[in-house]
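Some structures to go through are shown next.
Both complexes below contain subunit A, partnered by subunit B and then by subunit C.
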Partner chain A sequence: MNSFSMYAARKSGLHNLHPLTKSTLALCLAIAGLVLPGNWTGYFLVLCIVFPLAFWGKIFTRFSRSLWNVSLPLAISLFLIQSIFWGESEILFTIGPIAFKEEGARFALINMGRILLVMSDFILFAMSTRPDTLMISLKQAGAPSGIAYIIVTTLQIIPRFQRKASTILDSQRSRGLETEGNILVRIRAFIPIILPLVIGSLIEVEERSIAIEARGFNSNKKETSLIEIPDTNTQSLLRRIFIIISMLGIIARIAWQLLI
Partner chain B sequence: MAIVDLTNVTYKYPLTDSPALQNINLQVNEGEFVAVIGPNGAGKSTLCYAIAGFVPHFFKGEITGTVEAAGIESSKSSLHEWVLNVGLAFQNPFNQISGAKYTVFEELAFGLENIGVPRDEMIARVEDAMKLTGISDLADRSPYSLSGGQQQRVALTSILVMQPKVLVLDEPTSQMDPIGTREVFGVIRTMAEKGMTVILAEHKVEWIAEFADRVIALHDGKILLEGKPQEALTSDLLLGKGFGVSRYTSVARKAKELGLWKKEKLPITLDEAVEGFARALTPGPFAKHPDGAPTGRGE
Partner chain C sequence: MFDSIKKEFTTRTLVLIPIAIAINIAIGELVVRLKLPVYLDSIGTVLVGALAGPWAGALTGALANIIWGLINPFAVPFFYVAAVIGLLAGFAGRRGAFEKESPQWLSVLIGAVFVFSLTLFILAFTNATTDETGFTSYPAMAELFSRYAVIFIVAIVVGGAIGYFLLQKGGYAGIWGLVTGIVAAIISAPTAAYVFGGVTGSGTDLLVAAFRASGGNILASVMAQGAVSDPFDKMLSFMVVWLVLRSLPARYKAQ
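And now, the complex of A and B:
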């Protein structure tokens, strides 16, 4: 699938879930991680809910690798920055003149848990949901079709944009443009590359608008869909439960904040 | 009866001084296959856009005169209604891909989804259209992984599948090889015979000579001449203005100057050229009966 999309095609129960069920679950989990107290809540939810779901979706390896790649650098930098610059006392350990403080480390721990939860949540959703099915289900749920179209085309257009940029880069190089060297050379090379890219894209936008208009994009008829997205009453109920839990979570959190 | 009717159409793009179309009067009958020729900048694309409703609905600018299709006047219709009657496919196939679909099949269904065709009918129509244009084997491919020629077929099919009454095509074969071009012209011809009206802007005069019913020559935004391919494509009016001329016509014109082409009419196809030269070069019965048509191909 030629697209900037994390989607990993598998035949699994998770993949077969309605996109809105998955997105409300993702939302519910993220909110739970943010509003529930405790140092380890985020990690606990990742371990006990997100990982088993990834296993169910047959994307465990790919999911874990992605999550690891994204979160490790973040975790390291978060820990370093927070424990070095945050907190007054309670020094954990020192390396030379640098003191690592407990308060900062605790802050990093809690927030890393939250970030990890939101990220894993998002990766799980993105890997198990085809963007176009998300678009269709959003439209069926009443979202304007223009917005749904923009979301999905953006995912497809990014890799094409990259390819176009490298074509322009190559053709400018073949005309003798220097693109390698010190920072000044690179900055000078930037304009002859970015201008054709931007102008070309503007022209492309015009032509594409004509093309989709010619295919009835702005038609006021009720749209139909080639791809059918199976839905069940259970899922519809689940979605409602997820939304209610999310809302309760937010309300509880606000109330707690106000009371304390 | 004319299904497309342009009366005194003059059009200026926004921010330009000179009109892109001037006093265009054009009637096209139902089921007719009309080819529009002209050098770059002659107004071919603008004429296509005007018939397809994008001039002035999409491009804005000033338009005078009336454009009618299927009995509706363009200025009194909205673009999304207009496109149901008049379909448009243009040159660059890359930008005609919706970008929202993952397979060719889904891409072709995109237009039908938008206009609310029920799912069963949608599938049947897409399958039929793919068969017609010979792209059934591409159904599960990503539209972006196709070659330029294949993408052009997909772009053409994506409009055909919507079954417009009038089909406007702006250089739909520019990225195709000769075999692909022949096939696509064949498809267009078939559509015209089934009653679809086709207006085609194209440089490839040899294909027009073979397939089109009528030729419109555009120059500087005006209709320079129109007529049957045989008359229009061989007219001396086209010379020196940047029009494409069939190589058969060019050879015969040269031969005529040298006294080697005896017929009055110049050829536009290979068969006509061969026949004409056979008559000029063969001694015997041909020389005695200069007006006879020995191969049986009448004029």
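And now, the complex of A and C:
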């Protein structure tokens, strides 16, 4: 099935963890990176926690390639903007009339650590968790079934919509719509493409709501699930610890900010 | 209160939300393929707000960004901004902004005021001076007006033309879009500045750089960048939804 996610199927301990354990860990790491003091905390956490976890999940190659693709443009942009346009301190080096300054470069480097941590954290989670198991576990933890329906359905229909948009683009082109050229031409091309897409999908809403109501969507009976999600007591303890650490981190940071 | 929230989430709304999120993503990618200088990635969110109400709109926005995060982690920290966009679209819908036709002169006025204030904003920012203590002072308005009189007149004319030809009779939707864009720019700036150091890896980074070079700190530069690109982007999104709802069959709207 062509689905909208980064999930990489592997047989590993990381993949076998309960989805909620992984999501609370991801949350806890992201918050730790944002609230902990120190300039190099982000890099430290990526190297000592996220990378080993990716190894454990047997997704290290794919994980690092994807992290590289996402963060490289950010890193370049951040470095250029901060080091060229900011700070009056010592000049690192110059290319023609452009001077790269140390203060800005240092700032960029420090910020990049935080960005890397947040990015790698999410990628690790998305690659090792099947979206449908995440939804089932959320539902079992007491989340409203409407939310679960929305997320699972969205993941299934996004690829279909991307194809639909391409089809409309191609068919309007074959009717003679110009989609290349100067900006005015491209703006004018936009409306004849999105109107059919949006209106067509609104009409579809009606069919779908009749279909799911006919299949007992509004029933109040407790549902059963085809997929069993293994869970252990250790993991449920870990989840509580992660959540407590995250909350303490936020409180400590706010208190620290207010006191100093 | 809770009853009215619950009333928004009918089966139709629950079915509409995934489709709206897919629309967000499909159009967001289409815009990139057509190489247009906007995002337009919240049309579906605005649509749910307009059709189903503010809380459904807010939920759509938040979930859209979180789901987008499954392939683009960058969107996730901004989920609350998307939620506020959906919320405001819902309030606009309740006020009838997507149904009522505005007089054309109102659209001209809105366009003119918008481009005028944008110009004023950019000029004030690029003419700001910072002294040794790091205190930034902005130039007096009267001075700006006399120095850049021609630019301001051009701005008013261009804005009026945008209002007349682009907004047409959708002035109410347009003004709600503008307000939403301004709010979005203000509330997204702290996250953009603090979590990402002010960059997104896209073309708008150049704007941040320009404001940065003229002496603003990171937060101010990011906010300034947002204030330039967001209101226009959200105005377009609201206009598209206005157009869509006008071209819907009457039978559909009756439900």
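Assume the second predicted complex is superposed on the first by the 259 of 260 C-alpha atoms of A that agree within 3 Å, B and C clash if a C-alpha of one lies under 4 Å from a C-alpha of the other, contacts with A are read in each partner's own complex, and residues count from 1 in each chain.
By definition in this document, a residue touches a chain if its C-beta (ideal position, glycine included) is under 8 Å from a C-beta of that chain, and two chains touch if they have at least 3 such contacts.
Not measured: the values here are computed from a predicted model.
> Identify the partner contact of A:64: answer first if only subunit B is touched, second if only subunit C is, both if each is, neither if none is.
A:64 contacts neither subunit B nor subunit C.
> Can A:204 be said to touch subunit B (first), subunit C (second), both, or neither?
After superposing on A, A:204 lies in contact with both subunit B and subunit C.
> With the two structures laid over each other on chain A, which partner does A:218 touch: subunit B (first), subunit C (second), both, or neither?
In the superposition, A:218 contacts both subunit B and subunit C.
> On the A-aligned overlay, A:227 touches which partner chain: subunit B = first, subunit C = second, or both, or neither?
After superposing on A, A:227 lies in contact with subunit B but is clear of subunit C.
> Which of the two partners, first being subunit B and second being subunit C, lies in contact with A:135: first, second, both, or neither?
first
> First (subunit B), second (subunit C), both or neither: which does A:84 touch?
After superposing on A, A:84 lies in contact with subunit C but is clear of subunit B.
> Would you mind checking which one, subunit B or subunit C, touches more residues on subunit A?
Touched residues of subunit A are more numerous for C.
> Is A:157 contacted by the first partner subunit B, the second partner subunit C, both or neither?
Both subunit B and subunit C are touched by A:157.
> Determine where on subunit A the residues touched by subunit B overlap those touched by subunit C, and list them.
Overlap of subunit B and subunit C footprints on subunit A: residues 149, 153, 157, 160, 204, 208-209, 212-213, 217-218.
> State the interface residues of subunit A toward subunit C in the complex, per the touch definition above.
Spelled out, the residues of subunit A in touch with subunit C are 4-6, 34, 70, 73-74, 76-78, 80-82, 84-86, 107-108, 111-112, 114-115, 118-119, 121-123, 126, 131, 146-147, 149-151, 153-155, 157-158, 160-162, 164-165, 169, 179, 183, 186-187, 189-191, 193-195, 197-199, 201-206, 208-209, 212-213, 217-218.
> Please output the residues of subunit A touching subunit B within their complex, sorted ascending.
1-3, 130, 132, 135, 149, 152-153, 156-157, 160, 204, 207-228
> Touching residues of subunit C toward subunit A in the complex: what are they?
So the residues of subunit C in touch with subunit A come to 9, 11-12, 14-19, 21-23, 25-27, 29-31, 33-37, 43, 47, 59, 63, 67, 69-74, 76-77, 194-201, 205, 208-209, 212-213, 240, 243-244, 247-248, 252, 255.
> Show me the residue ranges of subunit B that touch subunit A in the complex, using the header's touch definition.
Residues in contact with subunit A: 52, 54, 58, 79-80, 83-84, 87-90, 92, 94-102, 105-106, 109-119, 122-123, 142, 144-145, 155, 158-159, 162.
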